[in-house]
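Okay, so here's the structure we're looking at.
Each chain carries a letter (A, B, C and D) given by its place in the written order, and its residues are counted from 1.
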């Protein structure tokens, strides 16, 4: 089974998700500077979610570049990842509109955590299809960065009820951690 | 005529359909747990429709993998399928907002039934183009699963006016039935 | 210059256009049969526009299948066509909501007419790039069907101010005329 | 690393952006000519933004046609460009609704300026990956047109607070300047 359509479909879904978020940026009520102020938290949340989806697209690109064989289970593991990513515009909008509120901050982190878990499942499913001797299995190794991200998101969720800045700081930190494409895979493949 | 653009166009349409449904998840009115409660039926309907569209994408992927020749009739049979699938976000939204109501439950099933019929027509059109000796014709055989799904959907529609749980149970059952990629085609092609 | 990205981009735009129209199908105000009645004209207009865009996608597919060379002018002639097609969701919504009104019926036809003109320009631009001896030039010939469609749309526009049923009948007639893929091109290419 | 998915993803994002803008064209409040009048500025802004995004897609197509190697930095420079382009529907809507207002005119130009800067960064990043002897490096040369566009946008922003027609004239001028595909690259590649 070829990976071409899986890549094209994932590209399509992520391209749409990263784009429709901008539909949530409501047009300011007027043409004055004041009208822009309530948009600031919405805009910052938009930037964070854009970077988050960009990271997933980049990592997806890198990982499938190394993949040689897929099967039906990989298709579903990929759709499972896309499901959690598809909730990003929803939580982005909610967090942007209720900025500083605890619950939306926690739910935002929850979607990130479940996306991260779906990513780990996808990685495991592909390695199971390709075998432990595959390039990908060697490149990913123990996948410490993936596990660390999931743990950080899991920690950020309860912190949302203490101080939302801590959670948002953690989200930004994980984003920075991933901004550079995975050197393990790059090293292995170059 | 090559199947590449037909696949790309179908991927695009299904990717958009699976994604724009999330635009319907209205942002909760506040930041409290209570604000999330009215979203529960909407969310569950979203999950069911996401799985439903995911199944169609997966099966489309599997079927066209086996296809070698297409013609103008196949293009239109495919567009006919996409037409019914394009109504999924609409009925998802309606069912999510009027949960437990009979008519939306029935209409939801009607769109699933007509998508299933369109799928059967597409299969037949492709087999007619490829000939009865084609890999696809052999792989699909009598297509019992496709017929069973259509019959189950047809049964679910009147049940919506008796008890909407029965209909929704049937929709979930058919989804589970298809979650595993078609072993007949997989066996034939592997 | 390769035609791959032009096809992919056009597929993307048409896939999005054909899909976002369904966002305009407002959820009925209730769960009763009565709530569905105001949707009937909107739904019929949706079907007509879906078929209209489907025809353009099919013809685009057929035409570019025969194309071997493109240049910068073809890129812009194609974008010009996509521009007029991009207005289809807008006029569909307007016509659906103001059914039986003269002006929206005329504007709907106007967008169809300008899309048809853009199609003729695109055909001419490609033939200019490929040369009069190209397969496409021979296949299209005098392009009587394209010209007839444009003339019919042009006639339908003033009729909208007389009786909107005449205009809508013409729109449906042109759709039927194109539903079968262009036999001239098919004959030439098969 | 192959450029195929980067092109497909960019095509997807730009196709969505160019299409969802039409969702902002609100349906007129009635079916009379008067109802169309408030749409005129919105429509003109839509045309300008459509051309603007069309130019970026065309230039993206031309540039990546000449590209042979990409790396992780190019992926991010490309996402950075897509980020600024993703704000185009938002500023289009705002400018269309507040026509003649200074601040939206300036912000519209600001998004164009930052897109232009992101384009220059993307060009530099690709040349850094390909080396100064690459076809692209030679074709782009000093990139006077790119720099001139950025300077014109930068000039248009303060003019918005003097007379918005000057700024809009500059936006239209830059659009015209780019409508013809870059002859330097075309000459080099043909």
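What we mean here is this: a residue touches a chain if its C-beta (ideal position, glycine included) is under 8 Å from a C-beta of that chain, and two chains touch if they have at least 3 such contacts.
Source: prediction; values computed, not measured.
Asks: Rounded to the nearest 5 degrees, how far is subunit A rotated relative to subunit D when their C-alpha atoms are superposed?
Replies: 90
Asks: Determine whether subunit C and subunit D, two copies of the same sequence, contact each other through the same residue numbers or different ones, counting it as same when over half of the numbers at the interface appear on both sides.
Replies: Under half shared, hence different.
Asks: What's the farthest chain from subunit A if centres are computed as the mean of the Cα atoms?
Replies: The most remote chain is C.
Asks: What is the distance, in whole Å, between the centres of subunit B and subunit C, each centre taken as the mean of its C-alpha atoms?
Replies: Chain centres of subunit B and subunit C, defined by C-alpha means, are spaced 26 Å apart.
Asks: Would you mind pulling out the distance in Å between where the CA atoms of subunit A average out and where those of subunit C do?
Replies: 37
Asks: Give me the residue numbers in subunit D that touch at least two other chains, ranges are fine.
Replies: 8, 12, 16, 20, 23
Asks: What residues on subunit A touch subunit D, complex-wise?
Replies: 7-8, 11-12, 14-16, 18-23, 25, 27-28, 30-33, 36, 47, 50, 54, 57-58, 61-62, 65, 179-181, 186, 189
Asks: What part of subunit C is in contact with subunit D in the complex they form?
Replies: 1-2, 5-6, 8-9, 12-13, 16-17, 20, 23, 72, 75-76, 79, 82-83, 86-87, 89-90, 93-94, 97-98, 101-104
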